[in-house]
Structure formats: C-alpha cells, structure tokens
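Let me begin by presenting the structure, written as structure tokens, before commenting on it.
In this document, chain identifiers A, B, C and D correspond to the written order of the chains, with residue numbering beginning at 1 in each.
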Amino acid sequence: MMVVRPITAADHEALRELARKTGQGFTSLQDNDEQVARKLETALAAWNDNNIPEEALYLFVMEDTSTGEVVGISGIESAVGLSEPWYNYHMGTLLHASRELGVRNLIHTLTLSNDHTGYSELCTLFLAPEARHSKNGSLLSKSRFMFMAEFPKRFNENMLAEMRGYSDDNGIPPFWEGVGRHFFSLDFGEADQLSSMDKVFIAELMPKNPIYINLLPEDAQAAIGKTHPATTPARKLLEAEGLRFTGYVDIFDGGPTLVARMDDIRAINESCYSRVHITEEQPEGELYLVSTTSFDDFRCCMTPLNGVGKHVVGLPQDVADALKISEGSTVRVVPLSSGRRI
Amino acid sequence: MLVLRPVEFKDLQGLERLAVVSGGSLTTLPANRDHLSELIDRTLQSLRKAVERPEQESYHFVLEDSISGEIVGISGIEAAVGIESPFYSYRINEVIHASSELQIHNRIPALNLCQDFTGASRLYTLFLDAEHRQRSNLHLLSRARLLFIAAHRARFDSRIIAELQGVQDDNGQSPFWESLGRHFFSMDFAKANYLTGIDSKGFIAELLPHHPVYLPLLSDAAREALGQPRSDAARVKALLESEGFDYRGYVDIFDGGPTLEAQTDRLRTLVESRTLSIGVSADDEEADKALALVASGQLQNFRCLLAEVDPEHPELTPAQAEALNISSGDSIQLAWL
Amino acid sequence: MMVVRPITAADHEALRELARKTGQGFTSLQDNDEQVARKLETALAAWNDNNIPEEALYLFVMEDTSTGEVVGISGIESAVGLSEPWYNYHMGTLLHASRELGVRNLIHTLTLSNDHTGYSELCTLFLAPEARHSKNGSLLSKSRFMFMAEFPKRFNENMLAEMRGYSDDNGIPPFWEGVGRHFFSLDFGEADQLSSMDKVFIAELMPKNPIYINLLPEDAQAAIGKTHPATTPARKLLEAEGLRFTGYVDIFDGGPTLVARMDDIRAINESCYSRVHITEEQPEGELYLVSTTSFDDFRCCMTPLNGVGKHVVGLPQDVADALKISEGSTVRVVPLSSGRRI
Amino acid sequence: MLVLRPVEFKDLQGLERLAVVSGGSLTTLPANRDHLSELIDRTLQSLRKAVERPEQESYHFVLEDSISGEIVGISGIEAAVGIESPFYSYRINEVIHASSELQIHNRIPALNLCQDFTGASRLYTLFLDAEHRQRSNLHLLSRARLLFIAAHRARFDSRIIAELQGVQDDNGQSPFWESLGRHFFSMDFAKANYLTGIDSKGFIAELLPHHPVYLPLLSDAAREALGQPRSDAARVKALLESEGFDYRGYVDIFDGGPTLEAQTDRLRTLVESRTLSIGVSADDEEADKALALVASGQLQNFRCLLAEVDPEHPELTPAQAEALNISSGDSIQLAWL
C-alpha cells in the first residue's frame, strides 16, 4: 500500500537517493548533498511549526508500507514571491488596427510580471521510475489537494503550478535562445541553476518593457506556453482538477504556469468528511483518495471503498493501518478522478 | 542657366515627371496628381500667409532650366513638423542591464517611439535629375533653402532636421522594414511609404509598436542598417554635415535612416551668408572669381542661382541679374560655395 | 409563467418601452429610438442566420406568458473585439524590493490590453423593476448559459461579463476623475456614450504605457475592480456560476470584468438532456432551468420538477405549453442554483 | 588668501566639518567618515593613475585658507558617470494624444527613466562655507575645475553635466519626491539621498519605476518643481549657464532638479583660458587690473587662486607665486573672471 505522509528527519537518506534519480533540468531537487540537506531542513521547519508560518514548504513523501521504502516526493510552497521575487511573463494582446487601411493585427506581447506573488505553489513532484504505475502519480500529486482542503488557512486562496517548457533534442529551449540569451548572456542551464538559488540577477538583467512576440524567431514563438512532452501527463492531471493556463509563462523556457482558485479544484471542492467503518471484505471498483485530518500525522492513500453509506465509508484493515486510524475515525474522502474527462 | 524659385501651378506636369523619375523613393513626392497639386497649393498659400510663428506652412522650390523651361529639381522646407499629425521618430537609447555578482554588464539598445521633433522645421523632398547631378547644382538646390530661411527667419523654428533615406538591399528592400515594420503594418515598404506621402497618417499611430523595441531581437541586417544612409545619399549627407547637421541617434520609423538635426541659427549658410548690394556688368573681367549662391527677392519673388563672383568686387552678368529680377545696386544675399 | 425566448421583430415596441426604463449609465440600451432600432436589427440578423456568423448578438426577451408582456432582456455577443477593438486594463504586479535596504514594495500597474479579443460577452441584461422578484433575474441571466450549452460552436471557449464600476453619489466614477480625465479631456458621461458608438478615439487618446496605481488618488485606487452597489447581486450570481475576477477592469470606471471558460460554468457543465413526461400534479421543491433544444425556437423557463427519473423529467402541462413542447420531447435541465453557496 | 588644491588625507576633519555644515544637502558629501576617506583616497588614486580614457576616476578639490589652514570649500569632478553603477536620469518627453474627430489634441508629458549620460563627465559636490560666499570665491571653487579639465583634457569626456538641487518647500521637503519617489522607495528623501551618497546604489535599480510616469498623475507641486533649481542655487545656475551649460529636459530622479549639460570643448573657460608665462613682482603698481583665475601645476600639484592681474603685463605677487609654487617666468593658466 502506497501512503503519502509528511517528510521526517529519518527520510534524509531516502531523499538523497531520490535526488540521484531526478536528472538534469529538475532544479528543485538535484543530485547535490547540500541542496538536499537544505531542502529537508526547510521542510522539517514547516512540519514542526505550531503557528501558521507565512512561508513554509510542506514536503510529502510516498512510502510503500509493505517495504518501508520511500518512492516519491511532492511539495507545496505556502506562498511564493515573499523572500524572493516570483517572476513570469504575462502574455498580453494588443490590437493594432486601421479601419482606413483594412489592416487588423493582433499583436501579442510578453510582459515581466510578479502577478503571482503570494500564491501557493504545487512543487517538487518526483516519483521514482520503478513506481510509475497503478496511478501512484495521481495519488502523489492529488494528495496535496487533500492536505490543502484540510488546512486551507495555511495556503493562499490561489495556487499555481509551473510546467516544464519545451526544449529541443539537445535539451535547449528555443524560447531561451530567442529571448533570454540576449539579456542574460548565459546558457540556459546556467541561468536555470542560478535562479534556483538567488533571483536578484533576474531583476538586474531582465527587460523591463514588453517584448513583441512577432519579432521573435518562429521556434521561440511556438514554444510559448508549450509543455515539455515528458510533463504533458502531469499537466493533463492538473487541468482535470481545475488548474488552467491563463497566459503566464516561465521567463526562461516559456513553459506554462497553471493557476486556480482553491475553491475551483475538484478534489478540494468535492471532498468531504466520513466516519470510518472497518470491514472484512476487500473493496473493489472506483478508487478514492482517503486522508486523515491530522496535521503532522497527515496521511493519504488511495483505495476502493466498501458500501459507502451516508457519511460512513467502509475500509479494510490494511488501509486503516496504513492511515494509522481505527473504527470511528474521521477521514476526508473524494473520488480519485473526476467523473468527466476533459 | 538653372534658377531656383518657389513652385507654381504651371509646374504640375514638371513635378509629375520628377515624381515618376524618382520612382517613389521620396515619401513626399508620390506620383499622385492630387497630392502634387496640394503640394503646390500649400506653397502658394504659405507664401501669401502672414506668419507669426511657424505652423503648418510648407515651401517647395523648383530648379528651372531658364533656356528650356524644364523643371529639373525640387526641394522643400516644412515650417514645423508634427502640427497637423504626429511626427514620429525612433530614438535609440541604451539601457544598462548589469549584475555585479555575475560580472555581467550588458548595454541593451532599444528603439523608443517618440515625437521629440514636434515643432522643428524640416528640409525635405530633395530630388535632382540625374543629368544635372553636379556638386554645385546640389548645393544650389539644397542650400538655396537655407538662404530662404535666412531671409525669413521668423517663419522657421530654432531647430531644424533633415532625414536621409535608409539602407536598401540589392533587391531594393529595406532590411529594417522587413525586420520590424512589416510585422506591424502587414504591407510592403513601398506601400507604407506611399501612404505616408499622401498624408493619411492616421494609420501610423494605429499600427506602430508603442513599446520600446529591443534591438537584439531584430535581424543582423536591420541592426546594421540602423542610422545608416543609403549608399547614394553620401553626398547629401556630406553637404548637410558641412552645414552643421549631425546625427544624434534618431532614425526614421520606416527605413531606419538617420535623422540629422541642427540649431537653425548655427547653420553655416545662415552664419556666413551676407546681404549686400551688387553691381551688374557685361564685362567678363579676368579676376579671382569664386562660385557663390546668389539669392534675391522675398517670398513669391525669391530666386536663387549659382554665379562666378569676384570676392573683392562682386558683380553679376546681365543674364544673371535678369534671372534674379534685379538691377545694379539692388540688395542680394550671397553665400560662397 | 416567465419564459425566455429569442427576440423577434414584433418585440420592437416592447423593446422601446424597456429602453425607457433603463436610466442613465446603461449605455447598451438607452432611451433613444435610433439605438433601439439598430440594436433590434442587429439581433434579428443573428436569429435569421443559417450559418454560424463570426459576430452575432443573440438577444433574448423574457415574456410573461400569462399576459404576453415582455419584462426583460438579455444578450450574448458571440465575439467581442473583432469589428471594434475591445479594451480593458490588466492589473499587474511588480515587486520592487531591495534586500540590502529591507524594502519590499508590491507595485500594482494598469496596462491597456486587448487580451479578451474574441471572447463571448454576456451583455445587455435588464429586467423591468416590476418583475424583479421570484428569481426572475436568475432565469433571465442563466438562460443564456442554457443556450450556450446547447450551441457551443456559436461561442468562444472563453466568456466575459463587464460589471458596472463604482461611482459616487453624483454618479461620477472616482476612477475616471483620477485616470481617464487626464487623457481624454472629456466628462465620463460623454466618453462612455462615445465609446458605445466608436472606439477609435480610445486608441488615439489612451496612455500606451502602464499606469502606476500607487500614484493615483486614493479614491481612484479604491475603485479599481469595485462593483457598483446596484450591480453587486448580478456579480454574485455570475460568480456562483463560475465567473471570476482575474484582474481586468474597465478603462472608464474601473469596474471588474469577470471571465470564465465555458467548461467551468456550472449551468453549462452540469446541465444534461432529459425526456419530458407530462404529469398532472403541480411539482414542488427545488427550481430547475428547463430549455428546449431548438435554435430559433429556443425557450427556457424555471420550474420545480415532478419525480425526476433517470433521464426523464416530469413537467406539468402549463410549463410544456410555455416551452412549446410535448410528451417525449428532449429538454436540457439543470438546477437553477448551485447546491453550494459561495 | 584662498587656494584651491586637490584634497589630501590631512583634510579629513575639514571635510567632516563641511559635511555637517552642509546638513546632508549634498548627495556626494554625507557625514560619514568612511565615505569621506574613500572620497579622498579615490582622488589620490585618480591623480596617480595613468589615464587613457575617462573611467571611474574622481577628483575632489578643497579651498584652503592659506593663513588659518582651514578648509572652507569643496568641489569635485567625476571623470565618467555610470561606469561602476548605472547613472539614472528622468528625461521629460511629450507624447501627443490626438483625435481629429473629437478635436482633442493633448500633449501628455511623461518622465522616462534613462541612462543617457552614461560616460559623460560630471561637476559635483560643490559646497562653500557661508562666510566666504562671495561671487568671486564661487567662481574660483567652481571654475578652477574647468582649468583642471583644460590642463588634463584626455582625462574627461566630450560631454559634461552638472546637476542643480531641486525645489524644496518651506519644511525642507521635496514636493517631487513626495509625489513620486516616496511611493517607490518607502523612505524619506533625506534617507534615500544619504544612501545614494554612500554608494550602495544597487537599490535604485531595484526600487525605481521603470515604466514612463505620466506627469498629469503627479501633484501640482511636483509638476511645478520639475526641472526647477532650489531658490539658493540661482547663482550656481547663472555661473554654469555663462559657461555654456544648458537644460534640455533631463532631471534628477530624486528631487526633479535640472541636469545641465554642455560640450566640454565649448565651455567658456576652456575656450578662453590661456597658457602663458608670468612674472612675479613685489610692486603694487597702479594699473588697470582685472580679477582672474590663475592655475599652475599638474595633477597632485594643481593649484588655483584669484589674482588681480594687469591684462597688459600679467604679474603675480610673491605670496601668490609661492601659493602656486612657481617662480618668475613659469607657465600658468589664466582665465578672466
């Protein structure tokens, strides 16, 4: 049974191991002792806090309860842009039209913005390749919504998720070559790496005026808002939950930022409380997310349910064990996926 | 003998011929009869008008072959640009993007749309038939305007500009236009140029990019063309520079050609020209003569021609005096070539 | 029984009468013979069209079937910004921060945009004062969603609705006094009136660069995105259906523009087809919107339902008559309001 | 006798006194010992450096009372602004918003952040003790710099600027700052000014408005203050204008005071100053004498003072010669007051 729970100090080795597997381009968890240690430290601070911190990184791990092994990680930043500015480009439209000449051009622009300052961010999602089956990815990603539903005061009413942008076969984003390179005089990898540490140089080097998209090379234009093929499934999953691309893109690779109000997320909106009744039979059928209501002992797993009565759900003993709950406990429940497909 | 004088209605056919010969290269001289009539009409009205400060007057002059009566050149002055419709330029300015931590220091140049010359006078519409393109005739056609300005200083602004045509490639295309203007105007350079000439200028404001354009985003060819005159404009450029015009980073919004600017009162011709009374003599004396521009008359009667004059005892030939419509002892303006 | 149906040529007198009641500030339907005639003509063209026009104004009237009287009007523009540019301000955020000095300013800006070019617009909603009861306003407004659900190809995937902005006791919007007046040299009423006819002057006179909100008078700042008190109920109704304020405001009065993807509108998303079974008894309980599937004979009313079976709804005869349908007809049905209140 | 010479480390206390007396009104003269030491050190290093083209050198001079040894004034030159950290100005430009249909023609002025003076030399840090504020001493303190530039022309740029302090209200507040800067900096004018002086300039780029600011959105007082010098700067302004400086629409980003600019080679003192060998005489002859600036020496040894000189037979008194460290027949620079 896979269960998602808060990270603990004991997960250090496991986290270090996962970091080895992430590969290039995954700047938030790199194969780097120091970064892993710092990340864990930041995350542990969030879980130990008794007050509601303004900025916290809630980091979760996915544990296989049968082996005790940690196979995935996911996180939520409670608020971005507070200690470091949060940048993206806002894609705007300007109509340049002359009725007299019968010319009508829709001109698109990219404008540097900090519009998402304060938003909560879905971040740092990584599942070990060997665990990428049986909808484990959905559990790992969506368990965050269950946590947000449970502790809404810890988050902003708006959330975002950044999708990795398109890059060519050599791993070079054409958007960077057409835009960023002119202003940063750096390679993409270098700039990406730097920005994960300190964003002062972005303020110093970025263009302050809008950029006319029609003046960019065609491959750079085509990459605006385009998701990296490897990230397309993650994007579909989030869109099915209610996140939307509203014209904000990453300043380095042009990848889309998806946003949503917390109220508009299906799993948050439709999840509700039930009492647990432990049953003998193994349930079958539609998968549900089931999570506990505790903060530092938050746990979430996915399972079919037995005889769902009004405000009562039937769970087999092994699921209850994985969640560390017993007969009569209150849990939050929602179908794993929306009935409608988008 | 070539004589410069204000354009008149009888010159319409002559202008049409010049417009055709110039092949649409002059924004202000389109092969369009209505517009050319309007150009003439405006000159006549401007000359008749009592002017307190420069407004929308414009003055065009033609160079007439006094023997054949043919019109072989045209030049003009606009009293003040940007009065009726906005006069746009791009101003090139650099912004420094620097990070001391990363040891990066980028100077990023950008084009800023501006109307900084609003109110300034402008020299424009200079065209001379190929067969008459000697240096001296170019001086006559171009600098006679400055003598006109000297004689009617209150009709012009303290700042004066002149635009040089920008670079074209071997196919007659403007690389600057192809890299920038085309994306916003959705038309050929020639068409945009033609439309500007016939004064339907509203479309410029409607279609132009209003935000600064970062130069690194333009093509190499466009960046190289920026602020450079077309190769055949070198002589005009040299003439203007010798008058005191200089390039300070303003360029034409269509072809990226340089806009030259000067303080009107500091122009060489204005500073150095003299008003004096002159004699008329039939004798072709041997003397150390030098070529000069000689102008006479006010407004409608303004005339200018080239004459070999003895600096010590300036005299004109009877033919020259007749062309200038003066008699011995009359006052003229003189500027050495 | 109130029924919403397409406007017809025969409604001219009724429309003229409604226009008399709208009052100042309702620029889309003024007490003006010529405007009313033009509006009706435009709308009739939409209903007579056999193809799908790029730009159409679908105009509906609400008729009291007991008296035959027309008491309200509502419309949908299929696409704005095509023949005339569509302007608003986009509110952006720029972080001006110096770590060295410990200064951190979130600076908000207003940038002229045509970002909503092509969006469908919910427009021209007016209900005669004497009919403002019994949820008639909800029917009049939401019937448009039933029409959009039925004919999605006639609309953009995104829609918007402009909310009237705040004005003081003298009807003067402080936003106009603080911003627009400087650039337009006109009174608000004048500018508002002009813009309903021709928008060229907006391109000519509007500031092209972003406006720093912190430099505006305080009352102008406070009016940004603020709805006129009289329009607050309409805003709440649309927000409950899924429309959202995303930082776009009117260039004249600073009133908010609400936007949504069509898929995110509750009434569109959750409405579904049922067969009609005519029943004797008068139904009671929750109100539903019920609409027909016909284009030029589209009709929508609200009613409780009898014994809602799977894909079958029971309607009394008078409702069927109002909808001009009979036993076995297919209708679109959705609860009038969301179960959840926002 | 007051003698101007390059600042040295022994002047530190004297500078501290001036910094206190000037009450923080000079950005470049904050009452901060570290900064003042740095200012002195930089002058010494700049004087020692072999310069090919102007870079980050800066030169400060003090006016010393040769009797009391007291430092009564300071003035400085920055070789080139904007090299180490960006040098920002606002450029005022007007954009015309016009609708022919509505008969509306608005000229909307806006402030544009720019770095147009990058590379130009700058006159700065001018302060003279109240008791010595005669016109002649002001000339000595200010124009001696131009003689220094004349003597070391390659160390300076072809463009030169000088900023005048902007308008303050009766409470010592800058209305321009209150209407604009305060909203972006969240601090008092005095604090921002002080921080700029101690050269932690990074914060300017981080906090400044980068988009044009429309002037109609600023307060009336701020708009009136724009480009106006503080009332007590009138004399400095007159002096600079007589040298050929003029105001072309650039203002300080903090207080909106005017930035004056000039072509270095056209400055009156550079054009009119002469180098000549001079005699020394004890006699106080009766002659038509006129007040002049007399300078001697290079770099570290540069000295300048005021002297009554006979234009026909220029001679100095022994005391003056000693202060300038010259003997009869040595070469000096001279500029009439």
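Observations on the structure shown:
Definition applied: a residue touches a chain if its C-beta (ideal position, glycine included) is under 8 Å from a C-beta of that chain, and two chains touch if they have at least 3 such contacts.
Chain-to-protein mapping (UniProt): A, C = Arginine N-succinyltransferase; B, D = Arginine succinyltransferase.
Predicted model only: the values in this text are computed from it and were never measured.
Taking A-B and B-C together, the chain pair joined by more C-beta contacts is A-B. Compared with chain C, the chain whose C-alpha mean position is the greatest distance off is D.
Note: centroid distance chain C to chain D (Arginine succinyltransferase), computed from Cα atoms, is 62 Å. Chain A and chain D (Arginine succinyltransferase), compared by their mean Cα positions, are separated by 56 Å. Within chain A, the positions touching two or more other chains are listed as 97, 200, 203-204, 208-209. Shared contact sites, meaning residues of chain B (Arginine succinyltransferase) that touch two or more other chains, fall at 95, 98, 202, 206, 211.
Shown here, the protein chains touch in all possible pairs.
Those residues of chain D (Arginine succinyltransferase) lying in contact with chain A across their complex are 205-206, 210-211.
The residues of chain B (Arginine succinyltransferase) lying in touch with chain D (Arginine succinyltransferase) in their complex are 82, 85-86, 93-96, 98, 100, 112, 114-116, 118, 202. Note for the complex: chain C touches chain B (Arginine succinyltransferase) at residues 203-204, 208-209. Here chain D (Arginine succinyltransferase) touches chain C in the complex through residues 95, 97-99, 101-102, 104, 106, 108, 110, 179-180, 183-187, 195, 200, 202-203, 206-209, 211-214, 216-218, going by the rule given at the top.
Of all residues in chain A, only 81, 85-86, 90, 92-95, 97, 99, 106, 111-117, 200, 203, 242, 244, 246-247, 261, 263-264, 269, 340, 342 touch chain C in the complex they form.
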